[in-house]
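Dropping the structures in below, format is structure tokens.
Look at the two complexes coming up: chain A is in both, with chain B in one and chain C in the other.
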Partner chain A sequence: MKNVRLLGYIFILPAVLAMIMVHIIPMGWGILISFKDLTIRNIRNWQEAPWCGLKNYIKAFNPVTTVGQRFLRSLQNILVYGVVTISVGFFIALGVALLLNKPFVGRTLVRGIILIPYITPDSVAYNFWRFIFQSRIGILNEMLLRIGIIQEPIMWLVGRNTIWAVIIASIWKGWPLTSLMLLAGLQTIPMELYEAAKIDGASAWQCFKYITLSYLKPVIKTIMIMNILWNFHAYNQFVVLFGENVGIHAEVPNTLIMREAFENYNYGQGSALSVILMLMMLTITIVYLYVFRAQRDE
Partner chain B sequence: MKKRLILLTVIFALTIFSVVSGTEILFWAMGNAPAALHNEWMQQKAAEFEAKTGIKVVFEEIGWGDGPRIMNAIITGEGAHVFQLGTTWNPEYAATDGLVEIDIDEFGGADKFFAANLESTTLNGKYYGVPWFAETRILFYNTEMFEAAGVRPPQTYEQLLEVGQKLIDVHGTGRAIATAGTGAWDLIHNWAIILWAHGGDMLNADNTQAIFNSAAGVKAMNYWVSLVDKGLASKACAEYNQPQADAAFISGETAMAFMGPWNIADIAHDNPGLKYAVVEPPAGPAGRAAFSGGSNLAIRNNASKEEIEAAKEWVKFLTSDEVLADYTKNLSMMLPANKEALNDPYYDTETWRTFIKTLGYATAYPPIPEWGAIEGIIQTNFGNVLTDYVDGRFNVITSSKSYLDAAVAEVNAVLNQ
Partner chain C sequence: MNRRTPIQNFFFYLIIIILLLFVLGPYAWMISSSFKTAVEIQGMRPTWIPQTFTFDNYVQMNTTVPILRYFKNSIIISTGTMLAALIIGTLAAYGISRFNFWGRELYIVVLMATQMLPGILFVIPYFMMFKWITDTFGLPMTNTFHGLIFTYTSFALPFSILMLRNYLDSVPRSIDEQALIDGCNRFQALYKVIIPLAKPGLAAMGIYAFIMGWNEILFAKILTSTKTRTIALGLLQYISQHQARWGQMMAACVFATIPIIIAFTAFQKQIVAGLVAGATKG
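Here is the complex of A and B:
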């Protein structure tokens, strides 16, 4: 028995070592330099970069400093972005999954087609949206003008509409995967349950609420936690749509981190912001899992 | 005496040849030309170079977003021995202490290069790169649209507004000039030339304090916004990147645009029938001003002596008159930073002469390691001004001034670190 256990550890050792090399050590290094004043001038001798204690962390939350102002604003922006993108995307995905769960001719083909936005590379998809949102020649403004919703072109790529532009594009890109996962969940629900409920006189809403949603709960839980993490780490959509200078209305933590670390070469500050973001995500995940576990135990 | 000198030179050349012969170096450059053409040219030149020196050069194309990769090479010693650096990057990378200090006399001497490009290779008065190719922006104008409006190309910024008004009277709102907006990574260059022409500057003489929130800075920022506000440029320009602004001119949509030398090839390719001419950037109260950009070649110093010597030979080869002229006129579509390479008859046209004249007085940004961060700060606040304009919150008295003040405070904090 002891030998078998030892053999198991030997088998997982390469994977554990790989994890340590590519995950744990870089993460540890990142945490370490977040306490240092590491800049372009001392990057070659990073060990000798001066320690600065919690300075980088304090700056991040100090609204008087420029970094602090930007970081707090970026958290506000990502919160709006995440809440709207996840919730609207989820309802679209659920609607489509319910439709695709019904038998109809060409269902397999449609299931494949809906995945197109998801499988399109970010750079292609968001560049495509960049064209759609062009104020002068973009088809969105063209359509809105034609049907009379707007009287003059809207600026989507500059100003306060930027956050809505990126939300629309992200919903389009993200809902198909959610839909596919929900569809997989729907297909595990035994049809007999619906038949029995109908015999007992249950309404369509009651069937949905007590059977469909109950069975989908584990899938929804996974989807939600994945979406929260993905959306809070959003970067590509912002940079492809708006360029490196995303503007105050669309600044999110990752665009700020990239700028601090790799444009301004404030590696210490960039690392501190990354660590803060990681801790936030970790907290959200723990709370989320705790709440779900508590509900399950009930 | 003469014989002895020749003998010494031959011995020196043979020594260098024997030391570096057989060495292999890696060269990273950005996509300065279509990839297939670029690779083919590099391989051909690398073969010529190898036949001549015995040094093997492996070329790899990298992107403009690969700055961190270059930084990794400098830190770890893994990666290219020679790499292309944008002019504003050179002092930043030199500050890492990871670049070979250059004896410019080895590369033909300081007078051989455009002054601003050479300045961009410096840090604290020492050279850490060799200027490769250069660019500046001048005013392109559509001669047919100008004729139809009965106007002549503007010589001053005030005239540009007057000419622009006449152009839109004839051709319609937004069609006088195409300008770059928040989508442009190089938005700052457009503002900088107006700032300088109005007597302003970025930093004080010893580069210890930002001074671009002066009256000239505010006027320059307001001027850029006024091009859209007065209807000379389309409101959509506020979101444009530079290629979008270029495309608006090249397609014949607008009558003017500030563009670079590479756009000559774009016009020949995309709209060969376009009737256009060029003039120097307009003058402000302090005269004409232009931005000097381009790229330099730098050598990593954490390499063996042989590799560093081989890298120097490759840089000398790439910046030699004929090779450089061949590269700039057929591939990068820029100007050679080596002035002697301009003797190529290709550059003997009115358009190129205007570029060359402009480059002669063009200004480089201060060669300090913090410039990248400073540029980002200015760019962000320029974007904020345009965002305010789009959001309807722009105030000609307060907006530019307050954002420039904020940018100056931030830049001073960076400089004082």
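Here is the complex of A and C:
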């Protein structure tokens, strides 16, 4: 028996070692330097960089400092981005999943096609969206002008509209995966339930609410927490659509941290911001799991 | 379920068509633009169909940006990541699936938790760690293939292990036991019996790691430069402050999508099954 147990350790050993090296140590390192005043001047001898206590953390939440102001705004932006992208994406995904759950000619083909945005590499997808959003030579403005929704070309990639541009592109890229998962959930629902409900005189809405939604609940729960966390990871879409200069209206924590660390060379400050981001994600996950567990017990 | 009336049917298919236009429209724009001349892109009102059809963009995309080299770099890095993740991940997934050791549950929780950590948390430490390794051991890390493969493998591992473990759990343990009785040791049982049975699961995991390597931007941005730059970053170089070569960029985009499309169509079933399993069991 003992031997068998030992073997288990041998099998996971390479993965454990790899993860200690690439997750645990760097994470500790990151937390450590977030308490240091680490800049371009002392990056080579990072051990000798002066400790600065909570200075980097306090600065992050102080709206008087440049960093604080930017960080708070980036949180505001990611909140708007996340709420709109996730909710709109979810409703499109749910609608399409319900549609694709019905039999029709060419269903398999359509199901394959809707997955294409999901498998397209981020850099490719957001690059062609960047082209679509061009104000003069892009196809989106051209179509909107033709239909007559707008009179003047919209500047999508500069100024106020940047956040909407990135939201549109992200929804387009993100909903297929959600839809696929919902569809998988829908297919686990036994058809007899609907038939029984119909005999009992349930309306279509009641069927949806009490059968479909209650069966989908676990899947939706997973999808939501995954989407919320991914939303905080969002980086590719911003850097591809806007290049180096994201601009204040679409600045999010990740782009801000990258700039703070690798353009302003404030590595300590950048680390502090990423630790704060991690703590936020952790809190959200715990609260989320707690709320759902509480619901289940009722 | 109910039969649809002709009118319902009409609206049903109308919605499907609108949906397909929404999904495929951007690709049509990408492909059509890749065949347009620069003059047409810059000078005329945009149209869906090129007025003069040209292959120039495909011919010239490599002169503006060394996209073929970046493509080769990405192939090396993604394939390396895939192989490393497959080897380490299979061992770990087999370990979790077949053995009951102290700390197993904890290890699974850690695997799930690491997926939640923001990548940005690791960028600065990696940047420093790579410098430190080079300074201390004289081993170059930044701007090397092995540096990036190492980074990507570690980030692909947690999800890969969990995904493959789900798969291995569905392979009955009695098969292992039979192999052990027939005189295999554990490693032989894994190598000769379980791996051939787990091919679909392995395919899903390998493709997942490959696509991750192909797509990644955050770390590639900091840890590579001209020699090892990946295609994901290379695509951005068509737009400079002086000139925007949209036609060539769209041609390069088409080019960069090909390996992913091939990989996906070849293993569509496994990938979809793997993703769905991750979602419904998690």
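The rule is simple: the second predicted complex is superposed on the first by the 284 of 298 C-alpha atoms of A that agree within 3 Å, B and C clash if a C-alpha of one lies under 4 Å from a C-alpha of the other, contacts with A are read in each partner's own complex, and residues count from 1 in each chain.
Convention: a residue touches a chain if its C-beta (ideal position, glycine included) is under 8 Å from a C-beta of that chain, and two chains touch if they have at least 3 such contacts.
Small disclaimer: the values here were computed from a predicted structure and weren't measured.
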Fit-or-clash call for chain B and chain C when the two complexes are aligned on chain A: clash
Comparison of chain B and chain C by chain A residues contacted: C
Which of chain B and chain C A:F262 touches, first, second, both or neither: both
Touching partner for A:M281 - first (chain B), second (chain C), both, neither: second
Contacts of A:Y81 with chain B and chain C, given as first, second, both or neither: neither
Touched partner set for A:L180, first chain B, second chain C, both or neither: second
Touching partner for A:R44 - first (chain B), second (chain C), both, neither: both
Which of chain B and chain C A:F35 touches, first, second, both or neither: neither
First (chain B), second (chain C), both or neither touched by A:D122: second
Contacts of A:G243 with chain B and chain C, given as first, second, both or neither: both
Listed stretches 74-82, 92-100, 110-118 or 128-136 of chain C, narrowed to the one that overlaps chain B: 128-136
Touching both chain C and chain B, counted on chain A across the two superposed complexes: 43-44, 134, 137, 243, 262
Contact footprint of chain A on chain C as seen in their complex: 1, 12-13, 15-16, 19-20, 22-24, 26-27, 29-30, 33, 41-42, 45-46, 48, 87-89, 91-92, 94-96, 98-102, 104, 107, 110, 114, 116-129, 131, 135, 150-151, 153-155, 157-158, 161, 186, 211, 214-215, 217-218, 221-222, 231-233, 235-236, 239, 246, 249-250, 253, 256-257, 260-261, 264, 268, 272, 275-276, 279-280, 282
Touching residues on chain B, where the partner in the complex is chain A: 67-68, 71, 74-75, 92, 95-98, 181-185, 187, 234-236, 238-239, 241, 369, 372-373, 376, 379-380, 383-384, 386-387, 390-391, 406, 410, 413-414, 417
Complex contacts: residues of chain A adjacent to chain C: 4-5, 7-12, 14-16, 18-19, 21-23, 25-27, 29-30, 33, 43-44, 46, 96, 99, 102-104, 110, 112-117, 119-125, 127-132, 134, 137-139, 142, 172, 176-177, 180-181, 184-185, 188, 191, 194, 218-219, 222-223, 226, 229, 232-233, 235-236, 239-240, 243, 253-254, 257-258, 261-262, 267, 270-271, 274-275, 277-278, 281-282, 285
Chain B-touching residues of chain A, taken from the complex the two chains share: 39-41, 43-44, 66, 134-137, 153, 155-160, 242-245, 247-249, 259, 262-266
